[in-house]
Every structure is written in C-alpha cells, then in structure tokens.
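Please read the structure below before turning to the comments.
Just so it is clear, A, B, C and D label the chains in written order, and each chain counts residues from 1 on its own.
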Amino acid sequence: MVTAGIDVGSLVTKVVLLNQDKIMSNEVLSTGVDIEGASRKAMDAALNKAGISLKDVESIVATGAGKKKVPFESGQATEVMCDTKGALHLYPSIGGIIDIGGENCRAIKCDADGNVVDFALNDKCASGTGIFLDAMAKALRVKPEEMGELSLQSTQDIEVTSMCAVFAESEVVSMIHRKMPKYDILKGIHKSIASRIFGLANRILLEGKIIVIGGIAKNVGLVSILKELMDSELVVPEEPDIVGALGAALLARERRA
Amino acid sequence: MITAGVDVGSLTGKSLILKDNEILGWSIIPTGPDSSETAQETMDKTLKEAGVSFDDLDFIVSTGYGRVVVPFSNKNITEITCHAKGANWFFPSVRLILDMGGQDCKAIRCDENGKVTNFAMNDKCAAGAGRSMEIMSELLDTPLNDMGGFSLDIQKKLAPLSSTCVVFARTEVLGYLHEGTHKNDILAGACEALADRVYTLLKRVGIEGDFVISGGIAKNVGVVKRIEEKVGLKANICFEPQIVGALGAAVFAREILEKKAKKKKG
Amino acid sequence: MGSLEKLMDIFENPQKEIDEWKKDGKKIVGHRCLYVPEEIIHAAGMLPYPTFGTPEPISKADSYFQPCACEFVRNIFDLSMDKKFDFLDTMVLCNTCDAVRHLYNMWDSYIDSVPCYMVNNPQKMYDESGIQFYLHELEKFKELMEDLSGTKITDDALKNSIELFDETRRLLKELNALRMRDIPAIAGSEFLRVSMASMLMPKEKANLLLKEIIDEVKDREIKDGDGPRIMLTGSVMDNPTLIELVEEMGGVVVADDFCTSTKYFWYETKPNSNPMEAIARFNLERSVCGHTHPVSNRYDYMNELIDDFNVDGIIYFNIKYCHPFVYESATIKKQLEEKAPVLILETDHSLSGLGQLKTRVQAFIEML
Amino acid sequence: MTTKVTAPGKKNLETTLEISKAIRAYYAGVKLAKMEGKPVVWSYGLVPREIFHAAEAPVLYLEHLPLMIGAKQLSGHYMQIAEEEGFSRDVCAFHRCFLGCSVAKEREPYLDKFFVSPDLIVASNLPCMSETKSFLYSADYHDAPYYFLDAPINTWGKDVPEYAIDYFAGQLQGTIDFMAEKGIHVDWDRLKEAVRLSKKLVELWREIDVCRRAVPAPISSVDGLTAAYPLIQLPGTQLGVTLFERLLEELKGKVERKEGVLEDEKLRLMWFGVPPFYNMGLLNYGEKYGAVVVKSMVEYIAGGGYDPAILDPDQPLKSLAYKALIDIVNPTAENMLDFIVDAVNDFKVDGLVGVVKRSCGLLPGYMRLAKDTVYENTGVPTTIFDLDGLDIREYDDATSKANLDSFIEALLASKRR
C-alpha cells in the first residue's frame, strides 16, 4: 500500500511517499506564501521521483502549521503525533524528541511503549527558533547550512545578551563590525538559542535517548551545545527535517489498516 | 560659550552644537557597529557644518544608550533626562514627552524647567519600538518616510496583527499579502499596534499638559496621528525630532558650565 | 585583616562557617523568613541558617514551578534540587506568601534529602486570639526542635537566646544608624553584606565582630557620600548587585527595608516572664513585612525610615510575580510619593537586562 | 488585538439557565439595596457566605463582575485601566479586572446594572494573597472600612486541630461584630438555619456529582461551572437548595434516558485551572474528537470538595471555620491532591488539562504536583500550558488548540493500544 505524509511547516514543506514502511521518495522545498501551491509542488515532485501518480496514493496525512490548507489530504494529524511516529519508526526505543523548526520548537516525552506522556511547545517569542537563526545567518552573510560547522571552530566565548531576536540581530551586527571572528559570534548565537531550547526540554524533564529533528537539527553547532547542556544521549537522524512527514505517512498507513 | 551634545542611539547617532542658546549645526548618521566611531563621525560632521573646530567646544555631554562609550564627552546623562530638556527648549510649555526610538520608547513627565518628574519605559521586547517599524518597511518594501502616510490611506479595512512578536508578524504579513490585502491596510495594522503599546506607557505616567513626541518615529505620521487620537492631545513635533536628545545634552553642557562659572564668582 | 573584611569574607563564602559549625556534629536548621523563631532553634543548640538565593538562572525548578511563582522561590528550590542545601538537617518555612506556601508543598514532595516544616503563623498582627493560636504552633515547633537536637529546651536557654539575638539586632541597628549622617560611615552595599553575614553565622561570633566593626568605621566617611540619598525597599534582596548599581550611578543608599537587613533588626523582643510568649509577641507585634495586617504599622515603620535617614528618593524593587510587594507597590506608591519620588523597578530575581535597569536608575537619580 | 476566534460554551441544561437568572436577580437585589441606602459589603474567596445570608446583607462578590466582563470579552479594556493605575500585569487578572472596573470613569451600561460601591469590605487570605491586597486598595479608594479575616493555612489535612478552628471561628465572630458596627446584624437562629441549609446544599451537590459521573456524561463542565454558582454564591439559602433539587431532577432524567453530551463518547477530560471565560467554547473544542470535559476543578472551590457531615447547625461558627480550613484550595496540597485523584477515578477521567493563569498565585503552584500525583495513582496523564482564563489579550488561539489537539490525539492513540 502506498501512502504519503506532507508536513507544511511555516518555512519548509516536506513530503514523504511510503510503500508499506519503505520510503519511496521525499521532497523538501520552501513553503513561501502560497501554501496550497507549495504543497502541490512538493507532492508532484515526490510523485515524479517515485514514478507514480496521485491516484496511486491510498491515503495522505497532512501535518505542520499549514496542514489545514492542504487541498488533497485525506486526514490531518498534529506535529507532536507525527514527530513521535516518525522517530519511533527510526529508533525502536526513545526517551524523547526535540523538534526545532522555523517558527516552532517542540519537546516530546515518550514512555517505553512509545506513548506520548508529555510535551511542551514554545511560546509566542521568536528567540529560540529557526527563523531567528536564519536572520542571524543573513546578518553574518553565511548560509544557514554552514553556520553550524563554522561555529565549531570558535575559540573564545561571546555572550549574546539580548533576549529578543530582533535586538540580538543588531547586537550581532555590531559584533561583526567590531571585527569579532564570525565563528565566535556564531557560537554565542547558538548558545543563546540552545539555552532557550534547553529550558523547554527542562519543563518536561526530558531524559534518556533523545532524538533531535526538524531542519535546525542539521545544525551541528547547535546540537553540540545542546549535548553539553543536557546530560543525556542526543541522536540526530540522517534526514531530520522529514521525520514529521515520515510520521504522517506512517499514520496514513495505520489509519487505512 | 560653545557646547555640544552627542546622542548615540541604537539606530542613529546624532550630535548638535549650541552657541549660547543658538543652534550652530547638527547631524544624524546611522549608528555604526562601533558606537564610539559613530560618535566621532557625527561630531566631525556637525563641527564642519557649524564651522567650528573641536577645540572651540567648551563642554560635551553624551547621551543615548551608547552614552558611556563616547570617548570625548565630559559627562554622560540618560536620554530620558535629555529628551525632557530638549523638548523644553523647543516648547517651554511642554509637560509630557514621548520619545520613540529604535530600541525603546519612553513616556516622560517634566516641569516648567524641563526637569523630569516621572517616566516609564517599555520592556525588552522589540514589539513596540522603532526597530519593528523598520522590519515592516523592509517586508513591505516601503521607505520609512512613506509608511505613516500610506497607513492613513486605508483601502479596505485595517489588517490587525495578532502576533506580538515582530519576527512572527513576518509570516502574518506575508499571509496577508498573499490573500491580496492592500499594503496600506497592513501598515495601518502595524502602526495601530505600535500606538497601542506606547499609549499604555503614556497612561502610566499620566496624560496632561502640552505634549511633545520626539525620536525617529515622530516622523511617522501614521503612528503620531493614532497616538493623538488615543490621548486626545495635539502632539508638538519639532523640525527634526531625532535631535531632541542631542539638543538636550548640549543644553545641559551649557548649564553645567554656567553653574561652574557661578561657583567661581561666589 | 579588619573585622569588616572578615564579615565580607564570610558573606562571600559562608561554607567555612558551616563546616566549622558541623565539624563537632552540631546541627543546622535552615529557614527562609524572619518570622521563623530562630531563638527556639538556637536554644536547642542548633544553628539557624537563613537560605539565600543566587543570581544563577533557573534550570530544573522550571519543570516543577510554573514560571509564575516568584523567581526567588524558584531559585531556592533549584538550589535544593541541586543538593546545595543538603548540609541542612531540616528546612523551616512560615506562612508569608503564596509562593512560599507552594515552596512548602514542593519541598515536602520532591526534596527527600532535607525534611521541610511549616510554622503556621497568623498574618494578622496585634490580635490576642492570633497569639494564642501561634503559641500552640510554637510549642509544636519547640518539640520538633527538641527531637531533632535531642536536647530539652529550658526557659533559661530560651531567655539567653533571646538576649543574644537581641544583642545582634541592637548592634546591627547601631551600625545602621551610622548611615543617617550627612555622609554615611558605611556604604549600603557594605552594610547589606555585613547584615546578611551576621544573619547566617553564629551570633556569639557575629556580635564580637559587629562591635569591632562599629569602632572601625564610626569615624569613616564613605567617598562620594554626598549624592542623592536613596532608600531601597520591596521584595527580598539577597545580593548587593542592585545596591552597587545605584551607588555606581551616583546614588547613596542610606536606607533599605529588606528581610536581609533592616526588617531583621529594627525591633527588639519585649520583656516577658514567659519566653515563648515573648517570642510569639515579638513576631506578631512587628508588622514590617508585606504580608502582615494591618498595613498601617508597616507604613508607619517605612515613614520612620524615610525621616530618620532623610531620604531623597525611594526605589521600590519588585521581583516579578512577588504578590505581596507587587500589590503593595501599587497601593502605597501615592503615600510614599508624598515623602519622596518613587521609582518602581520590576525585574526578576536574577536582575536580567541590567542595561535597561541602569538607564532607569540613572535617570531617576538625575531626576532628584 | 486578538481577531475573533472565541465562542461561548454550549449549554444543555434547563436549570443552569434558571441559575444564571437567579444570580442576576441576586445582584439586581444588591443594586436595589444600595439605592435604598442599605450598607453594601464587598467580599470574595472563602469568606463563609452563610454569615452574609444570615444577616440578609447585600454583598457584591468580587468574582461576579470579572466573570461577566470576561464573558462579554471586555476584560482587556478594564485590566488596562487597572494597569494604568499602576497594577502590574503580574497581579491576578480577576483582581485587575475588578479594580479596573471599580475605578473606571464610565462603565458599560450593562455592568453598571451590577456595580455597587462598598460601604464595608471583608477580605480573607484564603485562597490567596491577592484578595487581601487588592481589597486594601479598594478600601482606600472608596474609603470603606476593611476587616481582614485571617485564615491559618491547612498543614493538617482533614483533621484540623481545635485551636486552629477556634482561631478562625474567632475571626468569624470578629467579622460579625465588625458588620454589626455598620448596622448589619446576624441573627443567631438564622445563622444556624443557614448552616443547616448549607449542609443540605452540599449533600445535594454530592448527589448531583454522582449523576455527573455517568457514562456518557450527561453534562459538560460548561454547564457544570454555571451549576456550581449556588454552591459558591448561595450556601445557606433556600433558593440554593431549591435550584439544586431541580438540577438533580433534570440530571437524573438525563442519566436514565442515557442522554449524553455526545452519543459516542471517546474521551473524558478534566479541566484544572481557570477556564477561559471569554471563550468557553474551548471546553467544547475536544468534542469533535469525542472528548468531553466532564469536570472542572473550579466547580469545587469554596465548598464543593468536602464532607457535609462536618457541618453542625448547633455550632455554626466552628462548622463554617472547619469548612473553610479544609477547603481544597487552602494552599497546602494534601486535600487538593486527594480530591483530584478521587475525581479522576470517580469520573473515569482519561486526561487532565492543566491551564496556567500566570497571574494566579495559587493554582499554577499545584500543576506539577497534581500531574505527578495523578499519574502515580491512576496512570492518567496531564498536559500543562499557559492560558489566562480572564485576560483575553494573553489568549493565543493557535497555541492553545495545538496543545489540545496534540494531547487528545496522544490520548486516543494510547487508548487504541
């Protein structure tokens, strides 16, 4: 049975096509403003890669901030649910999940049987989310994909004091001009965000083996700081950003069966 | 005597030179990364314009959030105190001042000598400060100058911004644009939100007496008009609201010298 | 080194005092309020130890307390989770504010290493039925202390303890009085350290040091001591950072009203043939804290401070979500303003956003 | 600026409408009394209201106005006024709302129908500090004499020692004397009668409670919250008893006919913390998943959570003191936690929704304890998120619903296993 999961994030849309429990194909592209269009494009691209057409897909579950705007979904599910399904599919036993996305940050706690026992979502403040990192990347003229790597070369500690993402940006700009090394500034930025995420995870006392997913999970710099902060095992799957979509696809299959 | 005031704000650096009670010159430049350099640059610019040399300056007072790092200043005074003084110079009858800068907004009450009697400041959140307006102007690519005007010319109806966070507002704005909402209506929403926030500040210090708005956002008619409606007072705005702080600083510099002179005599 | 330095040093690292006390097996009873009857603890041969917070940000506590409990209490709980208070043999709280009530619930349920006890004090002062109720509670507390220490608490022991603690209060008050001068003999930040140090160390030792300090400083004049005279009041203040900030901005902190200083020593125990009743009356006829009723007495006490130390400006320091004082600041602002201008600073216990605080404080001082 | 996402709650009881009428009638009476020049009392919290009824004193209970203001979605406006008066946003939303309304230059005509200024104020420090503090301000503002009813906090659980009861009973006597000075006289026999009626009221409430346990749940907490009014407002009155008798009748009928809020009930939730009075519809939100909010802890504050047997009409003051001291919100956790665990078992609750009203000094403090205790004793999970029950400006529809969606989905999933 072929099923699909589509995760329409605030910044990025992800699609995963599943045959039984094997991934046929997946697609990741930016959401932009036209959510409907973006989801269509992503789905078509994934279908092409898999060489099948929409009618071959028996069931599609949509998740993510824009899930309600997906025209072709046959069901919806929350991000918490899909993240957990996806993560459990990749790792049989986990203690919890941290999903760091564009505008959202989630911490999820699971019990031995993979039930969600607790979770926490970020509040209305952007400090501690991907969009903040993106802004910083722009200010520092580096690609979001590179900033993690760079920050690892840091040799000295810099504190980014502003709590506010906006003010932090101006703070960073002035650091740049004060000729502070990029990677030290990056380290500082990552530290401030990591501490926010750590706080979120702390609200539900995450422990044990923790899977870090969402696009930001690809940021090795951030993850390494998180590792230092939390005294538990952090694991980043190969493609952390599609775990949610994968979970959605798995749900689609479950709901059919 | 010749005195100078330097106001190193979060977004712009301003300086102003005063001969006794007459403004010789002033300048505004964007705040560079290094506050002390910024101070230096704007000072040089102003000196040129005023046609005096640095050594002619008898006393220099620095203000603004970068006030402590101005290398050549003889004394630093907070922007709150300076804006009151400056506003009092332009409009001696003023009793209530609203300074709307890039990082923070301040509501200030003062007496007939421009001495602060009470004040309130907004919190550590960019929502409710000038910076948020800049973000909007980038998003909607509308020059800061025009935002206010456009925001008053509502096409359909004001598009309210639900997210307090400027950063998240971005997505909301893009959403509006996608739905075909007119730029002006979104701008109206942004100005309204800002006006709302500063209104609470004003209420906290108490609204009465002649009213002055200073700081860069005073140039944003959209925000100003909305504030005026809320407080029910006409806002006085001097020809260059961004220099009010620097002016106040220069006036203080003069007064300090005058005091010193008195001391010598008596 | 001089006695002043000695106390400063004890303030910086109290651990030495703790080890010193514990080394021959004597017990320590922690508490978090000046309404906890320290004398009873001392009379049982144990050290009453006021627990203070640290400026560190909260970590574990955030999953136990919602962020809307005052940060001070969350900070104390955080430290206890990190076993920082494990040197205590028991922890004693009393009925002061909603936050402490919950601290009691939390400590009771989650901190196994140190038992927690609540002395149930009335919040209504000058009320005979309240005193009767309180005496019952004190008796229970006395028994608990006797069991814990294994020593019977005699009336004489109690009387001695009362005399000893009053001596400390008297000396602190004497030293504090040196701040009334036009140019104080001791800086606010110094005094807070002295006061907090003498609160947490054995009083026998503290009293000796305090006597010496008074001699040391009585002819001193602190530098820049002629600036605007500031009084600090509000929520608990357990580190001198804010006071130092005010001093740095040119203010002279001549008076403060905190349970870490003036509140602790402003009043003395009234003589009474029955020491338990003396203690009860001391605590219930002393309306210095934000939780007590009637408030009129507290207002009188504050006005007394403002006059005695002839204060030019008042800074009211509010820890976010500190209900007693957040309400009070709104209620008495007008009354205080008749005496002197008031600046209300609302921030967290860890004083985040120091830059903004600076601007506010400096502007306030310029205003005076 | 929240865009309109809020909705009123769905009610399906006849009697709750009657109850709302009765409440409005009560406050109309208070307004009338004021016009006739009778002294009006302000009070709140766990001040035993039997005393006021026994004196036929017109009383404006603080919770009333904020609840109406909340329902009318005006809370933001009036809180703003209080904040301009210098009250920080940390101050309890109920009190901010009330203060704002009481000092406002002009009020909505609708509210003016109910607002009366106080001639005397009786405040207790139960359940929380906010009350005594904010009433202090009002006492100043309206210069009305103020009596502080000091309640020791309950460190004893269910068996409160005699000396504590005596202390509180003494305070109650003090209240009575205080009111007498102002010309409000408590008739002793009336007081005994009031305690008898109060006992009856709670006995009825218990029967009602038993009915509500039925599966499918005959009513949701939206009705429950209105139903609880008499418990809080009318203890010691015949009216309260009558209303509850009717309520019981109606419920029994529903239960017999197996009428439920939902035919196919999948999940039973319990609400912990202050529900969003400006958006009671949120309590129905789960119903699209087959999830019913069967109970809300708030319905049991101030009298709903104790054994009526402790009330002895011949010892009115002691009885009322006892009742107040063992109330579930007398802030040491024991009684509260017992209550919640029992509730979860009796009502076959599948999940607890704990909402944190940041400005509340009391309820958020229980959240974590309740969560852990319930989980240990019953295995039922709890979700905790920020939601201010009164301050509509703080309300974030998306986040609240995201939390509910995720929680309910997780519950359904683990149920399927």
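The working rule: contacts are C-beta pairs under 8 Å (C-beta built on N, C-alpha and C of every residue); 3 or more make two chains touch, one makes a residue touch a chain.
Since this is a predicted model, take the numbers as computed values, not measurements.
The chain with its Cα centre farthest from the Cα centre of chain D is B. Taking each chain's centre as the mean of its C-alpha atoms, chain B lies 42 Å from chain C.
Between chain B and chain D, the centres computed from C-alpha atoms are 48 Å apart. Distance between chain centres (mean CA atoms), chain C to chain D: 36 Å. Counting partners per residue, chain C has 63, 353, 355 as the residues that reach two or more other chains. For chain B, the set of residues that touch two or more other chains comprises 124.
Residue numbers of chain D whose C-beta contacts span two or more other chains: 86.
Judged by the touch criterion defined above, the protein chains are all mutually in contact, each touching every other.
Across the interface of their complex, chain D is touched by residues 63-69, 95, 97-99, 101-102, 104-106, 108-109, 118, 120, 122-124, 127, 129-130, 132-133, 136, 291, 293-295, 318, 320-324, 326-331, 333, 344, 346 of chain C.
Interface residues of chain D, counted against chain B in their complex, comprise 1-3, 80, 83-84, 86.
Against chain A, in their complex, chain D makes its touches with residues 381, 383, 385-386, 396, 399, 402-403, 405-407, 409-410, 413-414, 417.
Here chain C touches chain A in the complex through residues 57, 59-60, 62-63, 352-353, 355, going by the rule given at the top. Across the interface of their complex, chain A is touched by residues 10-11, 32-35, 103, 124-126, 131-132, 135, 163-168, 170-171, 174-175, 177-178 of chain B.
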